[in-house]
Every structure is written in structure tokens, then in C-alpha cells.
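Two complexes follow with chain A in common, the first pairing it with chain B and the second with chain C.
Showing the complex of A and B:
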């Protein structure tokens, strides 16, 4: 698959390089001007997030705003960690993310293998895949109220279990959809040989298909983990104090604490950093993962 | 789609009987593979959806202890459609989604064209431009709350170029534009990466031919690139639209629907009906009205995508 990071030069564009031509120069200016503006639009806000977390109140509330300050401080982080049980909430986010991802990837890849390889009766392959797509697309808010009632009646409100089950449900269709594509790319000949040697579906899956699909599985897992880590609607609805995840804690700052920007941005950095690192690692799978195959690479 | 052409279960050399026997032998395993996922999704998505449907025909206020859901037929639907706030939210949602998606497609296309040529540093540029899309939406909301603050950076920059300051969270129109701005900031990268991949997958021959014929840059774009990208643009736009109408996190953090109901969206309306006013029936009816539109849209998307994969090289 052609990754985002390996776009070949368009021949038309490459051979059009005529340095003397005015239009080529102005085109280059336009192109790099656009790129520069876009970079500024992304980097300045991001820099603001990180730098505010190291500023004192006099600096972050200063008018006009101060871009660089000499007395930067870790006070925002220190207060944030000492006044809140942040380790606990961070752990909530980690546990919920890892558990739901593991569950979704396990159940999802088994189902995806079946949908990719078995010919089910009653045209079930297509129907199930379509169902997965719909499940992925409908607004989660539509199930929010009964979901809340069910979780409440099961006495699971404000527990990690509630979120683990929820995020597994969110990510299952996503994993199935992605992995169908990956499994279909595994050459059928490999399995055919094993089949003639008498390997059953379970052996073919665990000994042939899974080892080959390692990178795809990892990428799918990371993408699911990002979705779980960032989720807010169900987290804010199903938790109160004990099982809060980082986005819920973050939103809590808005309603209660006004202008504690150093702590808010410090929490923002703590929340965003792990995601950014993981996402950059699987960048080339992002298109496929986030479009649910709208574009075949 | 999942209806694969890979027919593993039918090796051409094996006789039909053996083929069938093998398929039957695998059947229990495949059933076991499929069952947990299907059961899980049935319990977590189909059951709650039907539960919502049932609740939507009832009146039930969660904050009145000891009451049970009372059948009201289509009463909740009537009340919801008659609710001015619901109508405002629906209109807001459509305007918000249409406006942001249009802006994202335009900006994303321009950027994709700018970064589609390979060159020094372009890879890094592409990675940096992805950042907003990956950031936790709640954090994005908080960040922009700070940036759009009365004495914040954006107002400072506006003043620096001679424009007046804007009270982003006071003036309803600016508040609406503000939440749109944040969505465009966060999701233009999505359009960008999809289009970058699509441009990379375009066949090179037409471009070579156009160059030999001496076509101008504009002509190449207008008569080659744009028509070839059209199907992808359509699908990307529809996918973005589907996500944009669900917007919740950034609204919750940035404006919470205010000032007044200026930035109330369907998701935040349903959330408030259900979990703040405890009007379960109303929230359920609004959910199903919302859902009907979304399902109709997803059918359009699936069809459009099928067409896109037939006509384009993507």
C-alpha cells in the first residue's frame, strides 16, 4: 500500500521545473507560502498549549500576551499533581484504553478473519460488514440514555468496567472493518497449502495469518487505543469520581476552576503527549484507519 | 467490501466433494470466531438502540422517583419537533456541518496540492500538519478557549493587523464562527491526509500527456486533477459531514451550547434533555429523529464509496 509518507513526485510537476520562468517562481512562492501559513496555524496553538503550562499567572494572563518568558516554572505541573489524584486518573485512562483495545482487537480480528475467508450462508459476509459500518457511523449519543440506564441498573456506574465495555463496543466494528482489509491481502495460496496438509481454521489463523499480519494488528490496536484514550461523551456520562479518565478531569477544570490555565494546559500536555507519540509511529496507517477504507491505498 | 473474491475454500484442483467436506469441517471454528463479536455488538449497540426506540414512545422523568415510563405514543416526537430549542439545535448542526466541511475540503485540497510533491522536509511538514487531528478533542477545546479569550492571543493578533477585538463567547454569531473555526482547525488535516494519498495514487500518464500538449498548471488542475479527485472529495466530504454532525466534546468545553442556544447542537441537546433535565422520552425521541437522518446519510455514503472505487484509481 502506498503510504502517506512515500508519495512519488508527479512527473508533470517534476519536469515543469523551469527556474527562469516567472510563473514557476510565483508558483513556488504560493506553494511554500501556503505551507508556511499552515505550519504556523498548527504550531502556534500547539506552542501556546505547551508554553502556557510553564508560565506563571502574571505571564499567562498578561496583556499583551507574552510569547517567551524568562521565569518559566514547573509550578503548574506541581500543583496539578499535588492537588489532584492525577496518578489515579492517568491509570484509569491507561487501564481502560489497554483493556478495551485488547478485547476489541482479539474479538475483532477473529470475526474479521471469518468475514474475510469463510463464505457464510445467506450473504452474511456483506450484511455483517455493512452492519459494522453502520454501527461505526451512527451517533453514539443515540444510545447514550438507555446505555446510562443499563449501566446504572447493573451497578456499574463510575467503574472502569463500564468504560472498558463501552470502548470495546466502539472499537469492535472499527477493528473488524480494518482487519478484513488486511486479512484479504494475505495470499490465499499460503493457507491453501496448509489446508491440504490438514490444518483447520484455528491453526491457519494462529500459525499463518496472525504472524504475517503483525504490523497491521499493531497499527489497528494503536488506532483503537487513540480513540479510547480521547473519548469524552461516555466517559463524562458514566463516571463520577472514581473512574474518571483524563478528558473528564480536563473538562472538570473548565466548570469549577475558572482561569487555572497553567494547570489546565499542563493536564492538556499530559493527556496529549502519549497519543501524539503513538500516532506518529503509525502515521502511514492513519488514512486507512480513519477513513474506514474510503480510500484504498 | 467484505464480499471478497478470495475463494480459499474452493481450491481449483480439489474435487468438489473434498472441498465441501473441508468447508464443513471449518464451519464450527468460524462460527466460534464470529459469535463473540456479533453477540457483543448486539448487546452494546442493537439492544440500546431498540431500548431508545421503546423509551421514545414513553414519558419518563428520571428525577421523579417511583415513576415508571408511561406510554404516550408519538407524544414525545410531537413535543420534540415542537420544541424551539430542538429546531434551533438541528438547524445549528446542519449549518455547522455544512460550513466546516466546505471549509475543510477547500483548505485540505489546497494543502494537499501544496505538499503532494516530494521534496526536502515535506515529510516532516506532513507529520506536523497531522497533529491537530490526533489531539484529544477536549484538550483542543480548552486550548482554543484560552486562545479565543478576550485578552488572548487571537484577539492580540487581530489588533496587531488593525482589526477590532472580538468577544468570542458573548456575541452569538462570533461564538458560532468560533466553534466552526476550532472544528476546521482540528479536522482539515483529515481531508489533507486522505487527499494526499489520493493524489499519490493518480495515474501519471494523463499528466505526462497534458505536459506534452503544453497545458498550463491551471488547466492541469481544472481538467485533470480535480475531475479525478472528485469521487474522493465526495466521499471524504460525506465522512467528515457524518462526524461533524456528531460534534459534542469541543462544544461542551468551549461554549456548552451558549450564549443562549447559539451553539447548541443535536448531540448537546440530547445530552442535556436526558442527563440534565432527565427527560428520557424527549431525549429518546430526539435520538431517533437524529438517527433516521444519519442512517439515510450512511446509505448514501456506502453507495458513493462503491461508485468512487469503481471510477477512480483510489
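Showing the complex of A and C:
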């Protein structure tokens, strides 16, 4: 009996192995193919931006487009830095980004802690959290005109404060939602232990919960900062000359006389660089923060 | 040093009554164990005492002072959690010193106390590690150390040994007892393990479904259980319960059941003829007779379990499998016919309706 049943089993096993090696190859192709496509989609425009910033006008306007040229130039950068007060606008971007991120992360994690831990009456926890998310569910442009009028009446037009307040508001719901998730992962017994050890709510938050949530806070802060750094719509609407941020300056190279591609792409590179360096520096935290709670220790 | 008193304390979670009308006094310096099966309200009781949960009704007194509404942070209580709840971002040293730091003690004083507690628990060489670099047993010691450092007036321990493997658990049990003997502080210890309750405690409170069944020293509870729950909970292997009826015998009243008859314990005047009773028999109280023929409680061995220091044999009686403790050198084997005898004063009688002891 055993011999009989083992005979058909063997070819079946072999035929099972063969398609699996074929499918392993095709899986590999699919996987690397997908990765390659994704990289192309991200890197080609970036390559185009960087290379254009170093091209002469004849080369970047050439038709058909030239990917690689013989004469590279720094002319775009020279004009950019000599004709614009770039330092001022760069500082605007930095201040607005840092301030709004700090505010959003501070206020947002406080709110998130309350929503994650306190039992508010009338099931308010869920309602409040959802309400925050609601503010991100319509296109921001829908509120542009009333928002502009409010900022104008507050005499904040063309000030850094206008953008700081705006970006803080943009980022708050996002920070709150991310941090609620992280705080809920902090074991309740840790906080009970801290209570026993003499901590009130504030000390539990600052000495236990926040330090444990460090990677999550960093990840959230990075994402907030990137959003603030890149924001264009409200920046162009609420600033004119003094408080312009880099994206607004960049858009200024679209003039009625034509597109100043060299300066625009040079500024593009200048704008991307700090974020790129920053992201590389904190990459470790970013990955750890975003996967926090996914794996139990 | 503190005394504790629960005065008609209840705790409800919605419709669930986790603790019902608990009244219990714990003396200064006493080691009191709350024991019972999972979900019987032990942790809830401890948490109410710690101030982590509010009472639904009644009052808790510490040192004769009502603590209702007093936050946990002000009760001067230390607690060891089942999960240990060590702060993962702090070194062992910082874990131990955290409460003192929160209370604003001087750095030098904290360091001295931490070193002393670490030495006491044998974890001095672990002080610079993070909790995730420790084994289960080491974490458990750190959790204990965190409580010791505080020198609180009251220690609460919620199943501190249940995450350890069996061997370590028995070893830590003895160490705990020695430690708290030395400290002379009041301890409230929660466990579901009857052996821990028996070996550690000055007194034990046995819980079932939120209600305290009996309070007393381990031996009081073991020798004179108030009901079948207490009788069955303490002891391993547990007491066997047989259904029987009071009947007349040649030498006085007998307890007769399916296939057995045993002489009733004194005082016998409280037993009516025909009264149904539940007879409780502990494994170590049984006298085995090899002379089974004509024995009033004859049966045959079905299973032999050598435990090392003793051997437990099982035999069917009265519709149950009765556990019998014998010497380790016994030559009893499955199939051997035996007669079962119990000295009348070792029998426990219970009311079949209420489960209450008829001996009291």
C-alpha cells in the first residue's frame, strides 16, 4: 500500500517544484520591475530638475530635449543668488517650518494623549478625533477666501505668523491622529506604575509617555515639517514680499516675459537640499517611528 | 507600616459586580494574601486599595484614615505589577530610583537607597542595563526593587510570580517570604496559586466571584474550610467530594454513599438520619487497607502517580475518582483491590444545598 501511494506522489512533487521555481523567477522580475518603475517615477523628474539647473539656455530649451550636454554651467545659481535676497526667504521657510512643526507637535500630542487616555463624557473622544479629521476632508482652497479675510483683519498678511498659524492648523489633525495611535500602544500598566510612583498626569506624560514615544514624535515632526516646507497655495495667498517662502519665490520665476528655467530649477535644488539632508539624517527614526507598535517586543 | 480596612467595599463595572460588599481588616505588619480563580476580583480589590480604581460603594481605611478620593500618588504605597511594568526607556538604576526622584529626594540619597535595594535583591551588576536586556526573573527582581526602594508603608503585589517558570517561581516564593519577614511591612499579595497563598501568608482571604469566602491563617482554612469552594481550592491534589446520606450503623451514625460507608465524625447529634451531606476527604487523610474483601469502602486502584516524595493513587469511589496520598515506596499497582478508611475526625461535611460546612 505504502509503495503504491508513494509512486504517484513523487512526480506530483516534482511537477510542483518546477512551476514554483518559474514563479519564483517571475516574482523576482515583478518585484524588481516594480521597484525600478517606482524609482524611475521618482528619480527622473528629480534628475531633470538637477540637470536643468546646470544647463545653458540653449541646452534646456533644446527640442528634442537633451539629457546630457557638453557644457555645464553655474550661471543659473549665480544669477539666482545675485539677483535675489535668497537668505531672507530661506530664513522665512526655516522659521515658518520649525515654528509650525513645533507648535503642531506640542499641541497635537497633548490633544492626542487626552483623546487616547482620558474618558471624556458623552463619548466625546471619538467625536473630537473625527471632527479634527473632518477639517482635512475638503480641499483647502474651499476656505481660501474667508481665511484670507480673517488673516487680513488680524493684520497678519505678509507676516511669518500668518503661515505659522496656518501650517500649525493644517498639521494638527494629522499629528493628533498619528499620535493617538502611538499613545494607545503604550501599555496602561506603565502609567499605573508611574501613578503609584507619585506622578500626576503631567509627569506621566512628560516622563513616561513622551520619552517612550520619541521615535513616533520624530516621525510625526518630520512629516509635518515636510508639509510646511513645501506648502505653496496658502503661502502665495497670504504673503507678498516680506514673508514669502521658497516655493513662492520659485513660482515668481514664471514671469510675463517667460519662464526663467535656470533660476527656477536652481532654487528647486536649493529648496530640496536641506530637506534631503535632514531626511537622511533622521531616516532611522522615521522608519522606526512609522513601524512603532507593529511588532511587539 | 500600616493597617488596612475595607468597609463594605463594592466595585461595579457596568453590570458586572467585580467586588461585592468586601469587609476585611489587615493588621499592621501582616502578610495578607488575596487568592482565588481568575476573574474573582483580586486585582480590582488591590487597585482600589492602591487608588488606581475608585470604589463604587463603601470605604477603604489606611491607618484608620479614609482614603476615598486620595490619588494613588499620595497614598505612600508601592506596587508590583504582574507585567512588571518597568519603564522601558530607563536603565535599571533609573527605574529603581524613579519614585524617589519624583518625590524630590537628593541624588546622593537616591543612589544610596538604590544600591542598597539592588544588593538586597542581587541585581547590583544589572543597574546599567535596560529592561529589555533582562531575563524574566531579573525583570521580576527589578520590579520588586522598585517597590523596596520606596520604603512604603504598604506593599501591594499583583501576581508577581506568575510570569516565572515553575522552578524559579518556587525559589522566588521562598525569597519573597524571607525578604518581607525582614522588612516587617504590611503586604497585600494577590495570586491565583493556592500553593503561594499557603506558603507565604500570615493570613489568606479566599475570593470567589467577587465575594470573600473565608479569611484566616493558611492552616485554619486548610483544616476547617467554611465551604466546598474553600475546601476544594486549597490543597493539591484537591479534596474529593462524595455525596452521602446519614444512616444508622452498629457503632453510631454512618455516612453511606454509592459503594461506601464511613463512620461519621463527632459531634454526631447535629446529623439527622436520612440527611444528605457532601463528604470531603483530603488525599493525605486516607488509610488504605489491602484487605478489600468485605470492606465498607472497597474499590480498586485505577492510576498510580509517583510525585517523587509521595505517590498519589486514584481509585473510583462514590462515582468520583478519589485521590489518595501514599508513601513514595508504595507497591500499590493499578488493579489492586483496596479498602478506604478515613479517621472520622478528618472528614469534612458540607451541606449539599449551600455548600457550607456542617462542622462549624
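To be clear about the criterion, the second predicted complex is superposed on the first by the 227 of 297 C-alpha atoms of A that agree within 3 Å, B and C clash if a C-alpha of one lies under 4 Å from a C-alpha of the other, contacts with A are read in each partner's own complex, and residues count from 1 in each chain.
In this text, a contact is a pair of C-beta atoms (placed from the backbone, for glycine too) under 8 Å apart; a residue touches a chain by one contact, two chains touch by 3 or more.
Computed from a prediction, not measured in an experiment: that's the story for all the values here.
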Query raised in the report: Of the two partner chains, chain B (first) and chain C (second), which one does A:197 touch, if any: first, second, both, or neither?
Result: second
Requested in this report: Return first, second, both or neither, reflecting whether A:211 touches chain B, chain C, both chains, or no partner chain.
Outcome: second
Report task. Identify which of chain B and chain C touches the larger number of residues of chain A. Result -> B
Query - Contacts of A:25 with chain B and chain C, given as first, second, both or neither - result: neither
Query - Which of chain B and chain C A:154 touches, first, second, both or neither - result: neither
Report summary line: Note: overlapping chain A surface for chain B and chain C spans 192, 195-196, 200, 297
Query raised in the report: Mind pulling up the chain A residues that touch chain C in the complex?
Result: 187, 189-190, 192-200, 203, 207-208, 211-212, 214, 297
Query raised in the report: Okay, in this complex, where on chain B does chain A touch?
Result: 1-4, 6-9, 11, 14, 22-23, 25-27, 29-30, 33-34, 36-38, 40-41, 44-45, 48-49, 51-52, 55, 110-111, 113-118, 123, 125-139, 142-147, 151-153, 156, 185, 189-190, 193-194, 196-202, 204, 207-208, 210-211, 217, 220, 232, 235-236, 239, 242, 245-246, 248-249, 252-253, 266-267, 270-271, 274-275, 280, 283-284, 287-288, 290-291, 294-295, 298, 301-302, 305, 308-309, 314
Report summary line: In the complex, chain A touches chain B at residues 2, 4-16, 23, 27, 31-32, 34-35, 38-39, 41-46, 48-49, 52, 61, 63-65, 107-108, 110-111, 113-120, 123, 125-126, 128-135, 137-150, 165-166, 168-169, 172-173, 176, 180, 184, 188, 191-192, 195-196, 200-202, 205, 226, 229-230, 232-233, 236-237, 246-247, 250-251, 253-254, 261, 264-265, 268, 271-272, 275-276, 279-280, 283, 286-287, 290-297
Report summary line: In the complex, the residues of chain C that touch chain A are 47, 50-52, 71-74, 77-79, 81, 83, 85, 87-89, 98-99, 102-103, 132, 146, 150
